[in-house]
Structure formats: C-alpha cells, structure tokens
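Each structure below is given as structure tokens.
The same chain A turns up in both complexes below, where it pairs with chain B and then with chain C.
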Partner chain A sequence: MNKYILSKKLYRNELATFYSFLIGFLIALAVGSLILFIQEKNPFDVFSLMLKLSIGSVNSLSNSLNKAIPLILAGLGISIINSVKLWNIGAEGQIFMGAIALNFVYINTSINNSQIYILLLLVSGFLGGAFCILFPAITKVLFGVNEIITTLLTNYIVFGLTIYLINGAWKDPASLNFPAAAYVNESVYLPTVLGKLSSGFLICILFTLIAYYIKDKSVFGYEMRIAGGSELTAIYAGISAKQKAFFAMLIGGGFAGLAGAIELLSQTHRVSTGISQGFGYTAIIVAAITGMRPIGIFLVGCLFGALTIGGSVIQTIGVSSYIAEIIQATTLFGALIAQFFFSYEILKKDEND
Partner chain B sequence: MSSPILEVKSVSKSFGNIKALDNVDFYLQKGVVHGLLGENGAGKSSLMNVLSGIYLPESGTIKIKNQNIHKMNPDIASSFGVGMVHQEFRLIESFTIKDNLTLSKANIFTDNFEEAYEKYSEIFTLNSSYLTPINELSVGEKQKVEIMKLIFKNSEIMLLDEPTAVLTPQETLQLKESLDQLSQEDDKTIVLITHKLKEIKDFTERIFVMKNGKMVAKNLETEKVTDQELIELMMGEVKTSNFKKDNKKGDVKLEVKDISLTNSEQFKSLDDISFTIQSGEILGVAGVSGNGQVELANVICGIEKEFQGRVLINSQDVSKKGVKSRKKLSLSYIPENRLGVGLAPGVSVLDNSAIKEYFKASYGPHLSKGKMLGYLNDLIKQFAIKAPDVKAEISTLSGGNMQKLLMGRELISNPEVIVAAQPTRGLDVSAVEAIHKLIINQRDKGSAVLLISEDLDELFKLSDRIIVLYEGRVVKEVGIDSATIETIGYAMAGIDE
Partner chain C sequence: MIDVQLMGLLNATLQAATLLFIAALGELITEKSGILNLGVEGMISVGAVSGFITAINTESLFLAVIVGVLSASAFSSIHAFVTVVLKQDQTVSGLILTILGLSLSSLIGKPYVGKKLEVKLTSLIDIAEPSNIFQVLLNQNLIFYIAILLMIFTAYILKKTMFGRRIEAIGEDLKSADSMGLKIAKTQFIATCVGGAFAGLSGVYLTLSYVPYWTDGMTSGRGWIALALVIFGGWKPYRTAFGALLFGFLEALGPRLQTYGFEMSPYIVKITPYIITILVLVFLTIIKNGNTGAPKNIGIPFFRENR
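Take a look at the complex of A and B:
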C-alpha cells in the first residue's frame, strides 16, 4: 500500500511569492466575478469601472495612493516585527495611538515654524505607535506572553481610549455633538504633491527603503534573522534574542503609529474614529501576501489602496463596496494556498519506509 | 523456566542507510526486572519503540503471551499490556494527578480509584493528593506519576526508558524499591533501559546488552556477570590511534578553576572542575551524556553565566565576560547541537556562515553582503563544502556539509582555544575522517582543544589526555598512554576501581 506524505521542498523558486500572489489575485478576481454574476452584474463592466475610477485619472490615482499609505506603513511595521518571527496584530491600535500621541503633543505645544512642527508631530506619532506596543513587548520579553494576544487586545484598549477622548476631554464643542476632537490648524496639514496626493506618500517611499535597509542590509536585520531562526543560536552567537525582539516590536509599532499621524495630518485633520478603517488589519494581509518583503508590501499596498477606492466608487452603480474587501481577503487565501504548493511537495511513500 | 511473556525474534529496522536494529532477539520472563544496556545509539530506544508499536519492523516476529502479532501498533501493544515510559514525559501539565492517571480508556480503576491511588502512591512514596496539578510536582514526582499511569492502564510489561536520568540518588533508590515491589507483588514484567552500569546491577535480575543495533548478550544473570564483562560488551573493541601523538605542547591556553554550577532546582550539574589545556594539546572529555558536558562547554564559552569559579583564556580571566568578547580572545565553540545552536534553522547558508564574526563584515550599522559572500567562498574552498545555493536555507546541506560549514566557520580564523562537543555525531565515515583531520590539523597549528565526545574510539584516536565526567565531577584524569578502555569505562559508569 502506498502512503502519500507532504514534504517540505528544500529549494524554493525565488519568485514563488510573486507567482503565489498572482495566482491568489486571479482566484480572487474569479470569485469576485462569480459573486457579481450572481447579482446579475457584468463582472467585466464592474472591474473596468473600478479600474477607471481608481487609477484612470490623476485625481483617482492620488486617492488610491493616499489610501495605500497607512496600509504600506503598517505592513512594513508588521514585516519588521516578523523578522524575529513575531506577529503584530496590533497595528490598528498603533495607528490610533499614533494619532492620539500627535494630538496630545499638538495641544500642549506650539511652534511657529510649521515645517519643524509637522516633523515634531510625525515623530510623536511614531513614538505613540511604539508606546502602544511597549506593554506587549515587555510582557513578551520578560514573561514570554504570546504577542498575538496582547497586541490584539491593545487594539480594543486604544479604541476605547479614542472613544473616551473624543467624547470627553478632547471633544470639540464646535462639532455639533459628533464625537471628534478639534481640527488641527491648517498650517500643519501635510502638503499635497500631485493632485490630491499627500506628501505622506513620499514619507511612505522613504520608510519602505528604510525598512528594506533594516531587514536586508543592516547588522540589526541580520541579528533579527538569527534570533528569529533560533533563540539558542542567537545566544550562542552572543546576540540577545530578547533585546532584538524588543526593539523590533518598538520599531514596527512606530511605523504603524506614523501611519496614524500621516492619516491625521493629511486626511481627517482631527482625532476621530475615522483615523483608520481597519487599515491595521488589512496591513496584515498585505504583509502576509508578500512574504514580509518591504518592496512587495509597497506594491501590494498600492494595489489594495486602489481596490479600496475602486470598491467605494462602484457603489454608485449599485454594487456593494464589499466586493473590494472580498477580493483582498480572497487574494490572501489564494496566495497562501499557492505558497503552500510552492513550499511543499506530495511524495509517494512506501508504508514500510 | 516457563515460556517468556514476550518474545522477539530476529527483528530488523533501518532508517535510511542506518540499521537501527539488526536481527535482534529479545525475550522477557514474567515478574522479572530486566535491564537493557547499551551506549547512546546502540538501538535500545528503537527496540522499545518496536515493542510499543510505534515503529513497524521490516522483518522478524513478535510474540506476546504466546500470540503472534503481525501488524503491531500502539493500540495492539497496549491491549496486550505493553506500556512505556518515555524519556520525555507525556503528562498533561495543567491536569491533576487523577486526571492524568485515569485519562486512558484502558483505565482499570474506575470504581475504586482512591483505594488504588492509596496503594500505589505508598509504593512509590508519592506524598501528594491526587488533586494536585502536574505542574506543581517536581521532576521526580512526575516520573512516579508516569510509571503509575502504566499500572492504571493495566500494563503488565512496563518499558522504562532511562527513568533515572532525571532523578537524584535518593529518588533512584526509592525507584528501585518501588520496582522491586511491583515485580514481586503485582507480578509486573519490567524493562529498565539505561547506560548506567551501576543501576543495571542494582535494579535488575537479567541483563541484555546492545551494541550498534545488535543484541550482543542475552539474558545474563546479573549476579554472575562482572562489571568488566559488561563494559567490554557495551563498548566493544577500541581501535588504537592512527594519528601521531608527537605534537609539541606550549603555554597553557585554557585554564578552568574550581567551576561549579547549580541549577534552579539546587541540582549541581558541575562540581568543582579544574583543568588546563596547553597549546598543541587535545584534552578529551569522556562521559555518558548528561553528566555535565554541555554545561561545562557553556561555562567556558560564556553562554552560561551563573557559575562559581574562574575561566582563563591565555591567562586572562574571562569569567565575567560575554560570548563575543571571549570570541575576540580567540575562542571557538563547536556546539553539540549542530542545527538549533551552532546553526540557525530556516536561515540561509550565507547568514549561518557569518554567525561567528559577522561584526567583521559591518561598517557601523551596515552589514556588507559582499564581505560575507567573500568569507563564505573562502570557507567553501578551504573546507571543501558542497553548498549548491548559498541563499537557500541551511537545511539544504547534508549533515556532513553542515558540520564542515560549522567547523570551518569556527576554525578558519585559526583560534587558540577550541571547544568541540560531539563533533562527529551522526556523520558518515568519510565525514568523520575529514572532521578528525581538521581537529588534528588545528592541534598541530598550536590550538588548545577541548574535545567532548561519547565516542571512545574518537577520544582515544585524537586526545593527548582524557578526563572523565560523572555526575558533574571529574572522576578520572589519565594521559593517553596509560589510558585503557576499562579504566575509562569504569569511570564513566561511576564505579571506583
């Protein structure tokens, strides 16, 4: 009798992740088409409209890229933390915390030079995100508490804190009972560079390169890889695995916090529940699809931004915007399944072997 | 004598090219404590796994209670009353003692649990309520619960794999009494698997000895067999050295003074160890694994920090120094655990090749891939490593090539002090030869080498002096000229001559 066993492939195709993504995306388009077909819409018409309204003009393209910014930054943060084989499910909370920290600094300081002020506010956003993951990082390093749970839980805490602040201490009297903090002054808005494209996108490109450098070209990235491969090897090599995990988490949290700060300074201009629409969760999909590669996260982040914009505009022809989310989620499913087949092979095995 | 309760005839089992069991015969008498003796890798555990149905042998017959069993599996084994205590405990830590004992569907004490628990906890001198969760028990107590589990499953044939490895001497004595009681009163058939000579003599009535997958002695009467006979059976012939030992020795490179190490459970894993190694000298450390070898290496290399005593490299006290600063003083460490400690699994060949001195390829925070690649190419050339794709995971290399990469990485800088633990374990003959040449070559270049090995052939072949570790102490130190297999074997077994 023959048995079939799964065996991990020793050599993986360099482009396996890219192919997996393509396969996943095609599967997602097929699933999306099927759903549209059931709703008696022509999938081709819907998709071409989505394409046109998400990247067809400078305006729509800049909308799409603006949406990509938080996905990319939070995704990069997740990928840095994953270098030590840890998972950050708390990017959503870190995005909010970035915005809260920014507003806190904004309320309590005043600088005339708006460029320096913007820089200060962005830094405080970064630190806010890092602060948000501080507790999970400490409990991970000191007591080995599962970071997936703690980072997930901080999302709820930070969301609660946001609700508390915008209904209480920071509530804007001028907002006519809409729960939100007061708007920041126009002088600290992030300027646009092309159409409606926020200069935050340039920061995003810069941080993609920074993340790439940290992960692939730096001593710290190397030490993170070894620590992620085996804690015992790290200790043997004189690398403190715990220290690497701690700093990786803080940096990764900071990336997401920066996303929140940019979102506030370029889109919402105030602290509200609208700072993030689940960007921190979608960023996990973006990071996972790309196998945690920064450049890939940048590209897929842009695609997902466009999908989100495309999804919201097709509502005008009576198609639910959820079609975009279905495509995003199904892409991950498809890509993960495809990655599985790129990484494993099924071997026939004799039973007595 | 009555017919055996369990009988195994000419059983064979291979893993790849390695014959773990080679035509093995084995039989057990009811109500008797048997010993199964052999070095690590002799095939003891493989045989036990065949008996408990975990491995299916390629050939041979198994007969339990006069019934031939064709397709053994764990269910059948357990229905015939064969139960095994593995070296790693299989208890559910958060469950109580009672839950763990009654977990099996074969549990026979459903109605009278308390009565049974009272009886057996007394036999095992286990002074805990059965409502105590497992994670509140000491290691020795867990061991007792593991053995009691077999009784509650109504196992008549109890296979105990190295049960004393985790016990203190007092607990070991208690275990002996418990097992005696079980065999006499409950008529249990017990197999004690061990490589400790003293215990096998104390515990058992009959002894089987395995060596290299073969059963080399069957059903010896414990009272009639001498220690020396057992050692010869277990160790076999030792080939004499074929390397010249006319190496010149120089200054003392490594000095270890009064090293003691106590773990969190107040267990002394190292007890007052002192020795020196000169340049151009290989000091072999013999001993059965688990007698302090890993701890000793970790203390010398700076991984273990909470120890008493002093470590000197080139007369410089490094006791308080970390791993990296010891490396800078020209210390290299080839750890026992190749993949997992020496090399990081899941990480590329390139990254793994730089673990020792990656900081030399850095400029501030920048790590130069080019420098790393150049260094790796040197390694590949100098040590004849076969690495088809340096960006692929380390596990794409064969065991021999992994070890060559690890050795090369640690030796290429020509270190003055080398600590090598089990450097040839699990390698094929040609790889072993290559590794031995590397070590001798390094000795001739003037390195001081600490060679920890369980392979006596290897120790006799390479060492200039041998020390024997037993329960964390140096129980023997001899020059290679006056060392004999008997003296080393006795010391390894913890027997004073």
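Take a look at the complex of A and C:
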C-alpha cells in the first residue's frame, strides 16, 4: 500500500541534539524574521541591534549573563527531576517561593557577618523552592497524582501569595503605588565580579557542575535513571523508585528556589512581581532543548539570557519584546522537527515485500 | 433579594463552567485518541485573541467565532504535526505550544489591549435580574447552548459511532487498531485539531462574552484547569460537564464570599480555584487508587516497527 516506510535509525549521531538545536535556532530566526517583516521592520537591523545590545559590551554581556542565571538554575532543576521521568512545570512558582523564603528569613533574623548572612539567605531560598514542590512531590509518590498539573497550578498559588504579601503584611510604605516589599540591606547584596556581572553567576557555574555530578556521575543519579527507566528493573536492583523521585523533586525545586534567592540579592533587592518574568517557563525550553544535559543547559541558558536582554532592548525601536520569547519557543519546535530526521529514516519499500 | 443573589451566582457558575467545559471537552477528544496536548492554555489564548481582533475589525460576531476557532485549530496542528507525524515527545511539544501560544497572542494582541468591543455576544433573551433557574438558563448566550450540543454530540460520537469507536481503539490498543487497518495517524491528527478548535471556541467565549476585552495572560490558568477537568471527568463527557459546573461554581463563589459574610483578602480569594483544583485532583486520584481511567496509549507515539 504505502511505497515508503519509516524506520528507526540503528545508530543515532552523538551530536544529534546539538545539530538539532542549531537547525531549530535557524528555523526560529527565520520565523522571527518573517514576523518582523510582516511588522514592517528590517529583520537584519533588529537582529544586529539585539546582538550589539546583548553581547556588544562588557556591560550588556554581563546583563545577559545575569539574566541567564535563573534560566540555568531552574533548567538544571527541571533536568534533575526529569532524571526520574517526571516534569516540573512549577519552576516559576519555586523561583518566587525562593525569594519569599529568603525575605521571611531576612525579616526574622539578624546576623552581623554579611558573608554568613548571605549564605544563610541563599540556603533559605533553596529550601523555599524545595518546600514549594513538597506537596506535588508527596502526592506524586504516595498517590500518583499527575505532577504536571499540580506543579503548574502551584505557580498561580505562589504568585497569588506573592501579591498578597507585597500588598499586605510586607508592603513597603515607601513603595507608594507600586506594591513591593521593603528593600534588603545593601550589606547582603551579592557582590559583582566583572562589570555588572553578579557573583551569582559563579554560584550558577558551581551548581551546573553539581547538577552534572548528581545526574551523570553519582550513585544517586544512576539510581534515579533506573528508577525513571523501568519500574521492574528498579525493584530487582533494590532501588526505591518513590524515594528517588521524591528527593529528585525536592532538589530540583531547590535549584529553582535558589534562582529566586539570587535574583532577589543581585537584581531586584526586594520581593516584587519582578522577581521572575517567566524564567521558570523559559527554563523548560532550555532544559528540553538540550536533552536535559547540565552543560548544555548552561550554554543554552547563556544564549537565551542574551536573547531575553536583546528582546527587552529592541522595545526602544518599537519592536515587541515577545519576539525573543517566540524565537525561544520556535527554536524548540524546530529542534523537535530536526530530531525526527536524526532518529528516523524514510526507506523505500521493496516491491517484493 | 436572596433569590436574585443566588441566581446571580448560578449565572456566573454557568458562564465560568462553559468556558472550562468546552476546552476540556476538546482535550478529552484529543486524549481519547492517545495524544496528550498540554497546549490547551496556549490554544485558548490564540482563539481568544484572534476572535477578539476579528470582532474589533469586522464587527461581525459570526466571523469572530469562526476565525477564533479555526486559528486555534490551525495552531494545534503544530502539535499534531510534531507528535503524530514526527513522533516527538508529546509533553515537550504541548508545553511549548502553551508558551508559544501565550507569547504569540501577546504579540498580535498588543495593539488591542484596552480596546473596547463594540459588538458582544449577548444572551438570547436579555433578563436583567433573573429570578428563577429557568430565566438563568435563558439568559445565556449562544455558545452556552452550543456547548450543551457539543457535549451530547461528543458523547454520542464517542460511544455510538464507528468513528468514535476507532478513536477509542487507537487510544486503548494501538497494535490491534493497526492490525484492524485503522488510519492511526490521520485519526490522531484530526482528534488533535478538533481539540484545538474546541479550545478556540472556549477562547472566543472568553474575549467576546466572559470578559469582553483583551489583556496579556487573561487565560490565567484556565487551560490547565481544563486539563485537570479531563482527569476529574474520567475521560467521559457528561462527568466532565459535571466537573466543569463544580469548578465553575467555585470560581463564581470566590468573589461573592464577602457578600455572604466571609471576610477574606481578595488576593487569597483569587487563588482558591487553583488550590481547590489541586485538592480535588489529589482526592480523586486517592479514591480511584491511581487508576483514573486514562486511555492506555496516552503519550505513546505510534511507530510500526520494521517488518
């Protein structure tokens, strides 16, 4: 009947994910150009301006890398949770929760040594993120409740909680009509290392290595992969799949929470709705596009950080910042399309068959 | 007076339920064929914005509904193409469909933020203060009745027609379906696009009637609640409708709590539907012992091995 049949390739190119990403990115640039063209803007001008203002100088480059921090950390969290084949769509909420937990600890404690204090605040951010995913994690491992929906809906709850806090108990009277909590003291700001680049980026590098170690080198990571791969194998190997899933979720949530803490200590310096601008969602793209590989997440996170900065600066010439988001999402769609050609081949059917 | 208040609550319940139900019903059809589409939120948004823009520019409601439905359906075909034809991960594709749908609709809707709609879907018989259930039912607009028809129609198609049985066969047992010679890819593709069309109708209802204006992120998680509704309804149209009424009631009740004498921060009231959705989902999964009645092949791409 069909002249052609689809066949799974026996050997998949090792760099398939990387090539797919490149192809996806090119497709996304083409789509972005098309949209700009429809809006009567010269795509070449817009893209070169984006490039110039996102990586053209030390200042803009450090802005881009600062933006990359939450994307990378949340992306790493998502990738750790995906080791057990679970999805964390709640990174956005966990980022906010990290900032909320930090502020809660900040208000209720006082330590003179600012380095120890910063460390404590970062840890509380991590714990806040882990706390945020606690309920989805418990209900997942105990009852098998769909974690995609519970983690996603948690985003709306935590965002609502943020608005509630910054309009009520935590509202800074000095912030007037813009609801926000009071600024934290300058002594706990994360110092900058180069230009405007926050030292949070160093933490980010450290956690990329930690995530790489956890996922690819540690016993825990190996057990997570088995637990996520096959229930039976896990049972034979004496691995508690539920326990692995539970801890993977908490650690992953913590990574996103840490992102919120760093964002607060290095960028916003207070709890406001600006703690995250959809970083948790973009992080899903970053994680998925790299096939959940930590080093890849780091690199793509940097690129997407630059794209986000580029997207926000082109608003000055009347181009919508959503172009950047559309390019990011389309990159993944393009990569998925390319993946197909790396995993399958179309063969001509033998007439005698 | 209490009657009028109660009827107001009922009215708001039906409106909120209609919005959730249509999207959930579409997703139900898609999932029945074994395709999971997490892009509901994005598809609703695309339908909402394109319907709204059409209504503003043409002042034709009919055209607005058609454009909203078709554009969301066309948008969902991206998911169909990537997952059915190219057999890629359905979770990833659906999530990105949501992200892309939201940013795309923000982009094209930007010039229309804050614009007032001259035409609006009005109820068939306008009753300012309905005082009994009958009047409340008459007070709904056309899409409400379409939703009821779609519910009956979908339940009938899925249970009683050959086409419906085929969808179910594909969702439950791919190998047998393939042996029977069913056109798996075609059926799944159609089911996904139908799901998109339903989400589009839900979006049109949102911008042409429920809140007749356009603003970023106005779908505010309703697509995800619709996804939860499908699980709640156990992949059955009538039960999903019941769930929609329940969730609609909760959404309508929130802002009214104060009039009934409950003192609650409006910010907390806003998040109650999400909390309750999670709790209901957890409760339901526990009593069903994890066996929610999902189609067996959901999320598994069809691939006929070499022979």
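Criterion: the second predicted complex is superposed on the first by the 338 of 353 C-alpha atoms of A that agree within 3 Å, B and C clash if a C-alpha of one lies under 4 Å from a C-alpha of the other, contacts with A are read in each partner's own complex, and residues count from 1 in each chain.
Keep this in mind: a residue touches a chain if its C-beta (ideal position, glycine included) is under 8 Å from a C-beta of that chain, and two chains touch if they have at least 3 such contacts.
Everything numeric in this text was worked out from a predicted model, so none of it was measured.
Participant: Looking at the combined model built on chain A, do chain B and chain C fit side by side or clash?
Facilitator: fit
Participant: For A:Ile157, select first, second, both or neither according to whether it touches chain B, chain C, the two together, or no partner.
Facilitator: The second partner, chain C, only.
Participant: Looking only at contacts as defined up top, I'd like to know whether chain B or chain C touches more of chain A.
Facilitator: It is C that touches the greater number of chain A residues.
Participant: If you stack the two complexes on chain A, which partner ends up touching A:Leu22: first (chain B), second (chain C), both, or neither?
Facilitator: neither
Participant: Tell me which partner A:Gly238 touches in the superposition: chain B (first), chain C (second), both or neither.
Facilitator: The answer is first: A:Gly238 touches chain B but not chain C.
Participant: After superposition on the shared chain, which partner residues are touched by A:Leu120: those of chain B (first), chain C (second), both, or neither?
Facilitator: Touch partners of A:Leu120: none, neither chain B nor chain C.
Participant: Can you give the closest approach of chain B to chain C, taken over C-alpha atoms and in whole Å, for the superposition?
Facilitator: Scanning every C-alpha pair, the shortest chain B to chain C distance is 5 Å.
Participant: Going by the contact definition given at the top, which residues of chain A touch chain B in one complex and chain C in the other?
Facilitator: Looking at chain A, the two contact sets are disjoint.
Participant: Can you name the residues of chain B that touch chain A in the complex?
Facilitator: Those in contact with chain A are residues 56, 58, 301-303, 322-324, 327, 333, 335, 337, 340-347, 351, 354-356, 358-359, 362, 365-367, 369, 389, 392-393, 395-396.
Participant: Where on chain C does chain A make contact in their complex?
Facilitator: 38, 78, 82, 86-89, 91-93, 95-96, 99-100, 103-104, 106-107, 110, 220-221, 224-225, 227-228, 231, 265, 267-268, 270-271, 274-275, 277-278, 281-282, 285-286, 290, 303-306
Participant: Okay, in this complex, where on chain A does chain C touch?
Facilitator: 5-8, 35, 87, 89, 135, 139, 143-146, 148-150, 152-157, 160-161, 163-164, 167-168, 281-282, 284-285, 288, 320, 322-323, 325-326, 328-330, 332-333, 336-337, 339-340, 344
Participant: Per the contact definition, I'd like the list of chain A residues that touch chain B in the complex.
Facilitator: 10-12, 217-222, 225-226, 228-230, 232-238, 351-352
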